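Submitted below is the structure of interest, expressed as structure tokens.
Chain lettering (A, B and C) follows the sequence in which the chains are written, and residue indices restart at 1 in each chain.
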Amino acid sequence: MRAFPIAIVAACYLVVPVVLGSNDYILSLVIAALTLAAIALSWALLGNLGGMVSFGHAAFFGVGAYTSALLAKDLGVPVFLAMLAGGAGAALASVVTMPALRLRGPYFALAILAYAQIFRILANQMTGVTGGAGGILSIPPLPTVFGFDFSSKLGAYLVILTLLVLGILAYKAIRDSYWGLALKAMHDSEDATRVIGVPSTRLKAAMLVVSAFMAGVAGAFNAHVIGFLEPDYAFAGTWSVIPVVAAIFGGYRTLSGPILGALVIYLLDQLLFKTLMPQGHQIMFGVLLGAMILFSPSGLLPLLTKPFARFKPAKRTPTPEKRHAAAA
Amino acid sequence: MTFRSRSLACTAAAALALLLSAGPGSATDFAIGSQIAMSGALARVGMATNEGVTVAVEMFNRAHQGRHSVKLTSIDDESNPAKAVSAIERMAPDVQAFSGGYGSNIIGPASETAERAGKVYMTSGGVASELVKRGLTNFFRINNGEGYSRALVGLFGDLDIKSVAILHSTKDATQEVAHQVEDGLVGRGVKVSTHAFDPAISDFKPVLHKVKVLDEPDAIVMIGYENDYVGILRAARVMQPKVKLISGVWSLATGKMANDFPELMQNVVGTSTLPYPVAFTDPEAQEFAKVYKELYKKAPDYLGVFGYVQTKLLLDAMLRADEAGTLKQPGGIAAELRRTATETLIGPVRFDERGDNPEFTHRMGQHQGKQVVLVWPEKAATGPVKFPATPW
Amino acid sequence: MSELVLQSLYAGLLAGGYYALIALGLTLIFGTMKVINLAHGEMVLLAAYIAYTAESVYGINPVLAIPLAVAAVVLTSVMVYGLVSRIRQDRELNSLILTFGIGIVLTNFVLMVWSADIRSTNVPWFNEPVVIGEAFYSTSAQVLFFLAGLGLTAALWWWLGRSWYGRALRAVASNRNAAMLMGVNPRTTEVISFVIAGLLAGIAGVALYTVAVIHPDLGHNLTIKAFVITVLAGLGSIPGVLVGAMLIGVAEYMTITLASSALQELTGMVMFLLVLFIRPSGLFGSRGRVG
């Protein structure tokens, strides 16, 4: 059962570059979709494991982007190192948002959104550091390592793919660890877990840090690929909303749902809808979202796997393997 | 059902267009791309600019019928830098140059992508000085922030205005032009106070109240967008600060504003390329207005004029490059553009090493009755300035 | 300086009434169905554009266009309910995506029908100055819709607390099955809450058109503002909406007066966070009502 995901990843590394390698446009769409997928994954980690729905992942995305861009441009830090620092910066920013962990449901969601807005305004006002509303142009691109130019479309694709695979592995490791078990228990009953000695707030805080780190690295990656940052763009609502939509669309309780969701909605919108309706193609996007929620409320993945369900052996006792298969 | 049939029709049309354009013996010898906002925050300005681009292409095709033709592809960048970049990447293999873009923040990354593809990027939508400091060899623009501030400072000098309050949006371009206007005015010994405002603000009374009580300026300068101007002018009517003139920069002294908010705009001064109603005198301008009317059933506005001028200059350069046989060579079109030195609908244009137009100076227009009268500089003026004069 | 502060206090309170008007519809649905209607701002905007068409094409005063705007938005609102009620699982989360999708459709519909130009009323009365004692400045439209905000908040509060349908609505919100056993049809009451929300959004739209300047991109900002006020108020608390909206209004105007408009949103957001950290379930939310 484990061979399947590995085969897909291998195909992503080997087949996709061969097929799309020469088409910069398609590759750049795929890169943008995978960037959204990375945020969607980080959002789903917080939502699925931490039980917290955030409306403001742009906060972490933007902080990561600015940290990395400024380190690389102003201090000459190597880009890959700067991206790591971008993740760290976002993780640090998540510490500032921790008072929000006391809040639940929409209150938490909106508090994080408020943080994203606050960070945006600060980036606008701190002109000395961030360049203010004018933003930063000509951010150093991804470097050339061992003769391979990562700033090319193919290079960027391989970088974001690798980041995504690392993200999935980290997510999976956490989910299957003692922590993951504790978090799942916490989901079922927070009070009960508190009684038996699971430090629920600390666990949630840890998930927030991990999620922020992932979103921050995605932001840093995007900054070096696009080569440009401004507060309105780095902290734009799109970075908060589209990943949520993508994750739920794909099925946010699964590992691959958010990624599939991001790829499908972004590529459908940009490749198909935009060609059919150069103006107002977002309408079709909106209709698609609505239809999805009404006809397959647990996301795209169950919709895709349903036809195959009957070929599976009787499902009386869900085995661990099965859970993995569904999740992957 | 209509939705479905419409999308079917769209598909069919797209397929047909594809067949036609790819067919052998096609007469197309030039192709340019326009990446511009048709949705999102910049949709209005983007679409207006793109209309000018389209008119320029249409006029070129009519003028060179049988000998040359140019094909224009326009892609919506959704007011988003990343989508602007992918729009450029999508068009790059099929076009020889780009004419479009609105917003310095979107033009920045888009033009860098065009530079990597070795294609000329021509625009009128980005005034930030950063844009021409990047060392790009294929970036050109016909206007810049300095041109706006020069005109405003020039008029204020002639009117002998001693103190000014600048109200500006915290957006990128507005902030930059505000600084340039401030520097220009301070350089002439004018007392300046500035008030930044959030782009989402709708009630400007507290800002105007501060201007009225604390600054007491001779004139107010508004640097923002149309919705800001309407908000500021409404607040000013309520607060009635004792000023002699209210002025601003782009999107203000326009026919659209004269039509949509006639009461509010009286005596307000702003940068303007054309008087309104447009009184075109030279044949090119008349032809432009005629074709514009044919295609869009309305009179051109200043964004359309900019879009037209930038595209016309680009097409002329491409034509020259074609004759010289350098059209498809790297840097061929850029080299021809650098030789441009001509009079246009927006005044003289030439390009320096950085692709900027050092000749660019705006004119100033004033809302008088239902018209916009050009009042500065003297040689372009169509009437005298009313001063002191306020909208109330 | 003191006159500036007094004026901004006054203007902030006025703005609060108007903000409350924009938030009420969202609060009602959030309070009764735990559904956050992310298309709320777009519905308000739709009403504003209908008022614009009524004025510019037919010369109808925007206030008289309210029935027209309300009819269109109520219809939209009921359609939104029709879709939301079809969600079979995880309604709280999935309704976000659904209404977000509806919001996108509405925004682009507005863009296609009315173009991206900015619009606002040209009827002079709305922007006539109303100056009280040479000290407090406002416009007729601001005063009118401040009063409308107060009146509608009070009416909604009374309706929810006193009328049969209002009480039925609250009963369905707190325990759907128990309410059904008591002979309340939950679907009817839910439809009614969407109708009322549409009505409120329709009036808010006309307020928006006369008080401010509209453009198609505005809907999203309105939703966020309404949502912030709703959360600040405490889940479903109607008087909380008015208090929260006025708090936001005064904070914004004070920031402009004492510092700069560039910081007004910052103050709003910081204040929002502080209130939540001190009272995690909002100003008027009781702990048990937190969802």
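In the analysis below, a residue touches a chain if its C-beta (ideal position, glycine included) is under 8 Å from a C-beta of that chain, and two chains touch if they have at least 3 such contacts.
Just so you know, these numbers come straight off a predicted model, no measurement behind them.
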| item | value |
| --- | --- |
| Chain contact topology (line, ring, star, complete or other) | complete |
| Between A-C and A-B, the pair with more C-beta contacts | A-C |
| Chain of greatest Cα-centre distance to chain A | B |
| Whole-Å gap between the CA centroids of chain A and chain B | 37 |
| Centre-of-Cα separation between chain C and chain A, whole angstrom | 32 |
| Per-residue overlap in chain A, given as positions that touch at least 2 other chains | 124, 279-280, 282, 287 |
| Where chain C touches two or more other chains at once, by residue number | 108, 111, 262-263, 265 |
| Residues of chain B engaged with two or more neighbouring chains | 39, 170 |
| Residues on chain B engaged by chain C in the complex (per definition of touch) | 39-41, 43-44, 47, 170, 195-198, 200-203, 205-207, 209-210, 213-214, 226-227, 230-231, 234, 237-239, 256, 260-263 |
| Contacting residues of chain A [partner chain B, same complex] | 24-25, 28-29, 32, 124, 132-135, 137-138, 222, 226-228, 230, 232-233, 238, 270, 274-280, 282, 284, 287 |
| Residue ranges of chain C touching chain A (in the complex, touch as defined) | 30, 36, 83, 86-90, 92-98, 100-105, 107-109, 111-112, 220, 224, 227-228, 231, 262-263, 265-266, 269-270, 272-273, 276-277, 280-282, 290-291 |
| Residues on chain C engaged by chain B in the complex (per definition of touch) | 3-4, 7-8, 11, 15, 108, 111, 115-120, 122, 124, 127, 129, 131, 137-139, 142, 211-213, 215-217, 221, 253, 256-257, 260-265 |
| Chain C contact footprint on chain A (complex, rising order) | 53, 99-100, 102-107, 110-111, 113-115, 117-118, 121-122, 124-125, 237, 241, 244-245, 248-249, 279-280, 282-283, 285-290, 292-294, 297-298 |
